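What follows is chain A paired twice: with chain B in the first complex and chain C in the second.
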Partner chain A sequence: MNTQEPGMTLIVKTITRLTVGLILLFGIYIVSHGHISPGGGFAGGVIIALSFIHIMLAFGKEAAFKRINQKAASFFESLGAIMFLTIAILGMVSGYFFLNFGMKGEPFELFSAGTMPLSNIAIAFKVGSGLFMIVVILVLLKIDKKEEEK
Partner chain B sequence: MLELQILLIFMIIGALIAVKAKDLLSSVIALGTVGLGLSLAFLILKAPDLAIAQLVVEILCVIILIRATIKKDLPFSTSGRWFFNTIVTFVFLIVFLSFAYFCIKDLPQFGKPIMKVSQFFLNQGLRQTGATNLVSSVVLDYRAYDTLGEATILFTAVVAVLAVMRRAGRKK
Partner chain C sequence: MTNHLLPLFVIIPLASAFVNSLLGKRIKGFSDIISSIATLFLAVISVYSVFLIKDSGMIVYKVGGWAPPIGISMVMDGLTSFMLVTVNVIAFFISIYSINYMEKYTEKWNFYCLFLLMIAGMNGVVISGDMFNLYVFLEIAAISSYALVAFGTEHEGLEASFKYAVMGTVASSFILLGIVFLYSFTSTLNMADMSMEIARKGASCIVLLASVLFLMGFGLKSALVPFHAWLPDAHPSAPAPISAMLSGVLIKSLGIYALIRIFFSVLGAEPKILSIMMVLGVLSMMVGVILAIGQWDLKRLLAYHSISQVGYIILGIGLGTPLGILGGLFHLLNHSVFKSLLFLNSGAVEYAVGTRDLEKMGGLREKMGVTANTSLIASMSIAGIPPFNGFWSKMIIIAACVEAGHFAFAFCAVIGSILTLASFMKVQRYAFFGELKSTLNQIKEAPFFMKLSMIVLAVICVAGGLLLLPDVSKVFLGPARDAVLAGSEYAKDVFAALR
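Now for the complex of A and B:
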């Protein structure tokens, strides 16, 4: 076991380098096709968060923060919440709260079902960055504890 | 239904191993197999949305639990008030089973739900919302207000974790 470098062994790092892009891509697919196929904002957001957590477990927390730092995560969380509320209140303008005012479109098309894809993306931002933040907080707590013991 | 029963037996065995294992890490892994079995059960019962969410959240929880337990090998304390605990467990089991006996009699038969409300969504969902994923159309259109509440719960959870775990809160 190499204790100098942060993170896990070489095998885990190599596999992570190969798979983490595919995991992120699959999360984006689940989010963007949430209104057509099974999935949706919650599951896709968790998959996107898991791809960053995967980097953090394999390479240490600095490598994950290079890609998305805490400020960006909190920005995305707020962005998701505000996007979702904006969609809700825009529905109020032309009718009632959460009116699906967009174009219905053809079934099975990517751009269909009105505001649903936008809501999915908003929830994915919110859930993904929120869960990433929770894991980051728990991991930072462990590192702090280790420093206190030293 | 046979595969569902096999899965249920697998999950019960996994849960028993999770309770009985001496090592904390193997207990967490056994708990992960229970979650995997539950997601497979959802898949067999034709709920792929739920299966995806269950699998993904299970992976996240197992990662957090392993991350929290990987460095310390805490032995379980099995000694102590086992007599009192066993009595309480049996009392609660008897109360639960006797209430369940009266409740389960009135439930609809397994696999034959009462389709009073959900039949409306099945008939009208595609025409009214244009989404082919009916679960998504319920979550984000008919019941979007509930989803807003769910998002609020998650936000509150993040804030609560931050409040409990922040450096100032842990000083003795």
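Now for the complex of A and C:
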């Protein structure tokens, strides 16, 4: 149908343009409030990844790669894992592996609960970029198969 | 007193795995160096842990400072340190072997990343004192092994990996279901606490159901005979270091160790379950070796022998007597040494000749002296010829069978050993002895690091029998056997070590 432009129809593109920023923002909200409200690093990371996948579905893969390419996603994935491990090892320095040092949790306080917000951010990096990479690989494999058929 | 040694067994491989994936691509040779250093360090601290256990008895580590049964614990006793030595020493030699072997593959850093993740998973399974944590680490090790089997991305590897992934996932589901039932019964996930609860509540159908689920799940992971179908496909199609790792230590730490830990320490050694284990062991022993004789693919033949040797280990442990357990554990260690060595040999042959078909080889002894001699030593060890290590452990297992009055099992073990000898005579005859084929005139011996790790493993094969000397056995094998025999004393020891 639309041979000139990659991606879906005008309606989908317009709606995506309006919502994608909100989805990303919501993901960041879920991650940063993970320790005081439902949600956390995993759920927030999935939502952040979904915002990029959304762009990929609506505008085609090139548009998504312009924002975050595979190298960067792979880098963030390893970085997230190392961050998480580093936080755990820092706990070991002050007593036990994975010890939650620092301040105690306060209800409705964003800056509380010691290492937990940091761990949430690390997990969000790991899960978000990991999920994005999985979808990218599925997309690329499908293209390869089509080329073979031709 | 807190001992920070225990979490290091998980931290080091995890950290080096992710540093590898971050920097391995950018700096040439970085992944070789960091993986070798990490595995060397792991091997050293695992050997050190043996002496630590001898001095201080059981060590319990509270992760995050939360005491069990609320928090997650890491527990190290004789059996744990025995398994850690087995896993990490073998992993070190396989890691330095891979420096040369993996040259022919692209993306070496990805290989090392997955390899170290697998070690992290195995160490985690061995060191964990928490039922659900054991499951999580088991999945880490299993999933990285699925990816590693397909690392060559050839047709055969992908197919085997898919089959392995399906079967492995079925096994994991059984294990998870078993854990769920036990959790619903005891309301705790800590192994020591669970063991006490089960002892307090007495026998129940739920525990029996969970035992059957565990037997199926871990039986599938350790490739006991009715559940063995994935192994002869998955092990040969992986790259040689990974075949060595899978056959040498993965099926032992994920399958056999978990079986021992759950059935002896948590559920208490039930005679019914033990007799099932013995029967399965004898069945695997015979079926594995009979299927192995007919194989012409070198690595496939070795894979079938893994099934057979796992049968010996399970038979020894299923006897439940001190001598039987000692034999089973000793055979576990020996098998991981000589089977890794044999797979590394097959890798060296494949590296030089480019085939795994025994009919296309011949007379390799002339060109590949080190590979031929080390494989001769390993073959004699696995066949149980004195004075190599395999002889001593098989002898103990057979003696334990006779002592316990199971003459039929002892007879089967002898027959299995003779058939093993027959099939390895075939390997030696077709691959290394005989006339050198004219097509093979150009081949060269394997590079330095491959030779080095093969030679050291062969030396361990020769010297392995020394572990039975009373003074050495008191430090290494003895505590492992006592930890298994302690049974439900495990729970009391854990809570005593906490105080």
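The definition used in the following text is that the second predicted complex is superposed on the first by the 148 of 150 C-alpha atoms of A that agree within 3 Å, B and C clash if a C-alpha of one lies under 4 Å from a C-alpha of the other, contacts with A are read in each partner's own complex, and residues count from 1 in each chain.
The definition used in the following text is that a residue touches a chain if its C-beta (ideal position, glycine included) is under 8 Å from a C-beta of that chain, and two chains touch if they have at least 3 such contacts.
Since we're looking at a predicted model, the values are computed, not measured.
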{"item": "Touching partner for A:Met8 - first (chain B), second (chain C), both, neither", "value": "neither"}
{"item": "Which superposed partner A:Ala63 touches (first chain B, second chain C, both, neither)", "value": "neither"}
{"item": "Residues of chain A touched, compared between chain B and chain C (which is higher)", "value": "B"}
{"item": "First, second, both or neither for A:Ala81, with chain B first and chain C second", "value": "both"}
{"item": "Contacts of A:Tyr96 with chain B and chain C, given as first, second, both or neither", "value": "second"}
{"item": "Contacts of A:Ile23 with chain B and chain C, given as first, second, both or neither", "value": "neither"}
{"item": "On chain A, the residue positions that both chain B and chain C contact, one per complex", "value": "77, 81, 85, 88, 97-98, 100"}
{"item": "In the complex with chain B, residue positions of chain A that touch it", "value": "30, 34-43, 46-47, 49-50, 53, 57, 77, 80-81, 84-85, 88, 97-98, 100, 104-105, 107-108, 112-116, 119-120, 123, 126-127, 130-131, 133-135, 137-142, 144"}
{"item": "Parts of chain A lying in touch with chain C, wherever the complex brings them together", "value": "74-75, 77-79, 81-82, 85, 88-89, 91-92, 95-100"}
{"item": "Chain A contact footprint on chain C (complex, rising order)", "value": "2, 4, 7, 11, 14-15, 18-19, 21-22, 61-65"}
{"item": "Residue numbers on chain B that touch chain A, as the complex places them", "value": "48-49, 51-53, 56-57, 59-60, 63-64, 67-68, 71, 126, 129-133, 135-137, 139-141, 144-145, 147-148, 150-151, 154-155, 157-158, 161-162, 165, 167, 170"}
